[in-house]
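The following pair of complexes shares a single chain, subunit A, combined with subunit B in the former and subunit C in the latter.
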Partner chain A sequence: MSATVTTGTEGLAHVAETAVPEQHRGGDRPHPARHALGLLLRIVLCLVFGLPLVFMVVSSFKPDLQIFDDLGSFKAFMPTGDISTANYTGVFGRVPFAQFMMNSVVITVVTVVLGIVVNSMAAFALSRIGFRGAGAVLGIILATLIVPFETLALPLLWWSNQLPFLGPDGISQGWLDTYQVQIIPFIANAFSIFLFYQYFDSIPKELDEAAKVDGAGWFRIYRSIVMPLSGPAIATVAILTFLPMWNQYLWPLMAVQTEELRPVMVGIDYFKQLNTSWGQIMAYATMITAPVLVLFVAFQRSFINSIASSGVKG
Partner chain B sequence: MKLTPTTKRVAVGLLAAALPLSMAACTKGGSSSSGGAGGELTMWTHNAGNKAELAAITAIVNDYNKSQSKYKVKIQAFPQDSYNQSVVAAAASKKLPCILDIDGPNVPNWAWAGYLAPLDGLDATLSKYLPTVLGKWDNKTYSYGYYDVALVMVTRKTILDKYGIRVPTTDSPWTKDEFNAALKKIKASGDFQNPLDIATSFTGEWWPYAYSPMLQSFGGDLINRDGYKTAEGSLNGPKAVEWATWFRSLVTDGLVPLKSGADPAKDFINGKSAMLYNGTWTAVDTRKAFGKDTLFLPPPDLGTGPKIGGGSWQWGISQNCSDQAGALDYMKFAAQDKYVASVARDTNNIPATDAAAAQVKGYEKGGENEVFLDYAKKFAVLRPVTPGYPFIATEFTKTAQDILNGADPKQALDQAVKNIDANQKSNGYFQ
Partner chain C sequence: MSTITAAENASATTLRERKPAKGSRSSTTTALLMLLPAAVLLITFLLIPIGLTFGLAFTNARLISPRPAEFIGTDNFVRLFQDETFWKSLRNTIVFAVVIVPLQSACALGLALLVNVKMRGVNFFRTVYFLPVVTSMVVVSMLWLFMYQKNGLINEVLLKFGIVGPDWLGDPKTALLAIILMSAWQAMGFHMVIWLSGLQTIPADLYEAADLDGADRWQKFRYVTWPGLRATRTFILITITISAFALFTQVNIMTQGGPLDSTSTLVLMAVRTGFQQQQTGYASAISLAFFVLVLAVTLLNRYVTRDKDVVR
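This part shows the complex of A and B:
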């Protein structure tokens, strides 16, 4: 359905373009100087944001001394000199990269998926069920947005150490140094609830009424009507959960002691001993940035929409 | 808006992936307790990113585990940059391991905070160690290290010869005037971007470690060490102000960059700097680059003789270890000279005992590294032995940075003294 509309719109645009005389269309075109300025500005922005990435990738193939030798000239962005994959080999010799990567994937995917489920359910209850005090509950949830994580970290650490956990091996005491301590505290998210709430509020309530007439319960309405209509909200929440989870640093530092459970971001510290291995840092950074870049390219439109709809940058 | 079939498939796929992943996530891991129970002694080290040192420590642990059957030491390595945060977080949740390494100047604070237990029964063994590698507080020894490092002025003989600068020695270091004149001569040549690089880009403990010895060489100090009650007169007295003024002048005279590059040692090797103020850990790379032309000179005598920071990483046992006897047994075993030698050798650092130094190539009599041992013995000054040191270090770092950036030396130092004194007082002087 949406594909047809898009084609139709594109078709109309094409018709409009060919139907308007050249001299009239010229009036809508920006002045050449303005156009050039706009283009220049875009090129500058591309360079500002793109060159650090180019530097990172290019430096990952250079020896440490050459990286510093090339600084201050354009050679810093060019694959010149003694190019090799030695830094990548060095990374694999120095950190259990596959393990770190796997940990980050597990932690991020589980948190994103469970975050979508839990937060959308919470938002659904607040937006659609309309129980008494829903507004106050939403207000309290939103109020937590102003509390920075750094202030919560220590109390959270203390609680994490006190809580019991029912796992396959029975009940254990304390969550520290586990996967769950890196996942569960980040599933419920006030901002995600708010985003879902906003989106659910825009879906006509008449759909609920119609479903109820057909005998659907609240869960059925949530699962079969509201969620399927909330693709953009799901994408936004997924993206906004994915990025901070992938970049987690402080919390794993505090809550995880075993190397086998560490995520990728903590791994970068391995290269910063007394004699820092800059080439290896660049190689490592390239490898841990690659999945984010691939996802960004694949879901570029959703990323832009998520920023536009949430007002969150960076 | 409806979900497209592709989006649906992705969503279902993600959910399907998340379920087994979350199951796996919750089954994997499990708490790694503080150790001590069942004969297992957990050991934490900051060496995850330093394969050479980690291998040396692992070899000791393997020897120990083979030497007896009662205890088994298990190593958990952390990256250095985040090690202290991990330890403090673990202490807050009472999850410290039995054996752990500690940066020397933090020992009094960790001992006072109840993280560390004293090393009883090791006095005879540790009496042979360099005093700077022992972590002491309140008349008890809490830690020992296998090595120390020394601060040196790294340069090349050809550079000094070219500008007619005298090569200083341990017994005859540069005076302040000689040092300033040498730097100005190099600057006047215009041959180098930096006559001297003192690594101002380094963060954390580097600032008090590297620059408080300069203050001490002038005659000041971070705190009055007689009772550690006040920094008044030590950190803001005339000698300290003199140091601060001189320190700032290094930048204003263009002798030292306000902000060094990310890796000053590499800038030195690449010829950007004529001289480098750094630790002995740069010796391998600089020798590799310049061979016998490399010089490792004593820091200048700025008034009361050359001074360098003393104390590096050390080993101790935690107070909440459930098997203190086991942890102490390991510490005794690991304190043998042959292990001091092996760790120092593998890390290119100064061996903590003379017997070990004799076994490490370069540190023997007349060896190329003997001078480092000399500096450590003759010039090293311990950072203040008070639990308030972490606060003092932070305050000094901030003040020194402010001074380099143009703050009034006297005012900045007065403020630092006020803050340090307030902290010492509010903690009851850590009695």
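This part shows the complex of A and C:
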């Protein structure tokens, strides 16, 4: 692989895989006792990070009484005793869980897809086409990275209530309590633009020249040359949009009141207020975590690389 | 990938310079058109709200009100500085950050060093340490709310070691600590990965040279690893500090700021006033205070690290 192309986000691809053999170099293998101690430490840490999640999943299959009975022993982490899916049926019986799930899927998928298109186009215009003032525009975009969303949330809430919206039923005022208020404000993202910009800059510009000789326009170059070469950047942006969107809590908590429009994370909060069955809450928690865990295990490398690449901005 | 390599080879013969595009007027039009959607969205949902944060803080705007907002000068700030909850929230927010920043960054570095070795199964360890990061903070808060119950899992485990655990979230003395521990647990894997990517940028021959000089493990860490992580360190300090200042989800789910405001934070207070009590103007003033805090830390951090650049 050529060096130019591997700069940018893909440059960290090896993070997930290999490690610098920092210690076992030059034949100074660690003392066996030290080795065993190190292994033990790693295993204990595994328990610290893994067991609470095991506990969550295991408890979701037990009746509440048994959960508390098992707390005092290792049974707390084992699917023993009265195992059933009663808690899961209980969740569906109490709240429109399928609807919450559907809402979260729609909100997340639409934001990820539109985010990739909108932000990559903007980055393409800034990085590869260029125009007078492009540098200033990029500067403004980067400067906004310092503003946390939490600063803007309340003014944005007020502002969303003032905005008009042209929908199928004509023009309405106020975006609160809608799908669009959960999607549209999060499509354009300064950090996504920055990631695409950085990646596009590493793709040789000569490709554009060659395509232009063949009569391709800028949009064609974007769609048929640059985007197909930008897989790693697209994956990074997709993951870094997916995680916060799926996990969104503060914004929908305020912007959405109607039950039918609620996403899963606000739904669990509401569910807990209706309910004191910990088994059912753990069942709900397991169901909204499972999709992310499945995706994480399937695309582990990409997940870890995108987190690592969020560190290159410093 | 072969396409790129071919193009690279071809380009090796030509000069790598950026020529101004031909027909640059139409190029500019295309560029502006492609930038347009993002520009409109960023202006509407980022730049205008930034402006509004400043503007609304000086008005009596209410979230839903038939009357237009009126300019009231610095009334919101006068009220804010006399508000006892504000000072408590500010204090909690800063305490949270001051404790969690060193705790989390140091432990994450420890984890990164532990998994930055050639060893069978190291990928498994890395994955497990990372699992809480892909679990939503809402889910983690629910789970720990359950584990922190007075007769919950954590106290039962402590009992095995003969320790009678406190009522973690119910006692004003331990509530913030409980939230700190849980938050560090959730985010540690995230910073482990960032430390790891920093560790991988340190050239292996530096370690070889240190080996030749007979450096022990500590010396290698002190004189090779630590200086090599300078950029990563700055980044990690800034990100942990800013996300610590933004503390909200955990508190809202687990304690709602209680008991006795002992876990109230700036963002929680802003949501209370701006959303539940609908006082957008006052909430904007709180948001502005929060932003000033973030800005101050970022600038301070930049200043401190720049200083070190000069010294080295």
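Quick note on the criterion: the second predicted complex is superposed on the first by the 260 of 314 C-alpha atoms of A that agree within 3 Å, B and C clash if a C-alpha of one lies under 4 Å from a C-alpha of the other, contacts with A are read in each partner's own complex, and residues count from 1 in each chain.
Going forward, a contact is a pair of C-beta atoms (placed from the backbone, for glycine too) under 8 Å apart; a residue touches a chain by one contact, two chains touch by 3 or more.
What you see is a predicted model, and the numbers here were worked out from it, not measured in a lab.
S.K.: Once the structures are superposed on A, label A:G170 by its partner contacts, choosing first (subunit B), second (subunit C), both or neither.
M.R.: A:G170: touches no partner chain.
S.K.: Based on the superposed arrangement, let me know which partner A:F296 touches: subunit B (first), subunit C (second), both, or neither?
M.R.: In the superposition, A:F296 contacts subunit C only.
S.K.: What is the contact status of A:K272 with respect to subunit B (first) and subunit C (second): first, second, both, or neither?
M.R.: Once the two structures are laid over each other on A, A:K272 reaches both partners.
S.K.: Examine A:M254 and indicate which partner it touches, taking first as subunit B and second as subunit C; both and neither are also allowed.
M.R.: After superposition on chain A, A:M254 lies in contact with both partners, subunit B and subunit C.
S.K.: In the overlaid three-chain picture, which partner chain does A:L229 touch, first (subunit B) or second (subunit C), both, or neither?
M.R.: After superposing on A, A:L229 lies in contact with both subunit B and subunit C.
S.K.: Once chain A of both complexes is superposed, is A:W158 in touch with subunit B (first), subunit C (second), both, or neither?
M.R.: Both: A:W158 reaches subunit B and subunit C.
S.K.: First (subunit B), second (subunit C), both or neither: which does A:M121 touch?
M.R.: Once the two structures are laid over each other on A, A:M121 reaches subunit C alone.
S.K.: Per the contact definition in the header, classify A:F68: touching subunit B only (first), subunit C only (second), both, or neither.
M.R.: In the superposition, A:F68 contacts both subunit B and subunit C.
S.K.: In the three-chain superposition, say which chain, subunit B or subunit C, touches more residues of subunit A.
M.R.: After superposing on chain A, more of subunit A is contacted by C.
S.K.: Would you mind listing the overlap between the subunit B footprint and the subunit C footprint on subunit A?
M.R.: On subunit A, the overlap between the subunit B and subunit C contacts is residues 1-2, 68, 71, 154, 157-158, 161, 229, 253-254, 269, 272, 278.
S.K.: Within the complex, which stretch of subunit A touches subunit B?
M.R.: 1-2, 64-65, 68-69, 71, 93-95, 106-107, 109-110, 112-114, 117, 154, 157-158, 160-161, 165, 167-169, 172-180, 183, 228-229, 231-232, 234, 253-255, 257-261, 266-267, 269-276, 278
S.K.: Which residues of subunit C touch subunit A in the complex?
M.R.: 1, 3-5, 7-8, 10-11, 14, 16, 18-19, 21-22, 27-28, 30-35, 37-39, 41-42, 44-50, 52-53, 56, 61, 63-64, 111, 114-118, 122-139, 142-144, 146-147, 151-153, 156, 159-160, 185, 188-190, 193-194, 196-200, 202, 204, 207-208, 211, 217, 220, 225, 231-232, 234-236, 238, 242-243, 245-246, 248-249, 252-253, 267, 270-271, 274-275, 280, 283-284, 286-288, 290-291, 294-295, 298
S.K.: With touch defined as at the start, can you tell me which subunit B residues reach subunit A in the complex?
M.R.: Counting only subunit B, the residues touching subunit A are 1-4, 7-8, 11, 14-15, 17-18, 21-22, 24-32, 44, 47-51, 76-82, 85-86, 89-90, 92-95, 261-263, 265-267, 269-270, 279, 281-282, 285.
S.K.: Would you tell me which residues of subunit A are touching subunit C in their complex?
M.R.: Residues in contact with subunit C: 1-2, 4-5, 12, 14-15, 17, 19-26, 28, 38, 41-42, 45-46, 48-50, 52-53, 55-56, 59, 68, 71-72, 76, 118-119, 121-122, 124-126, 129-132, 134, 137, 141, 144, 146-159, 161, 163, 184-188, 190, 193, 203-207, 209-210, 212, 217-219, 222, 229, 243, 246-247, 249-250, 253-254, 265, 268-269, 272, 278, 281-282, 285, 288-289, 292-293, 296, 300, 303-304, 307-308, 310-314.
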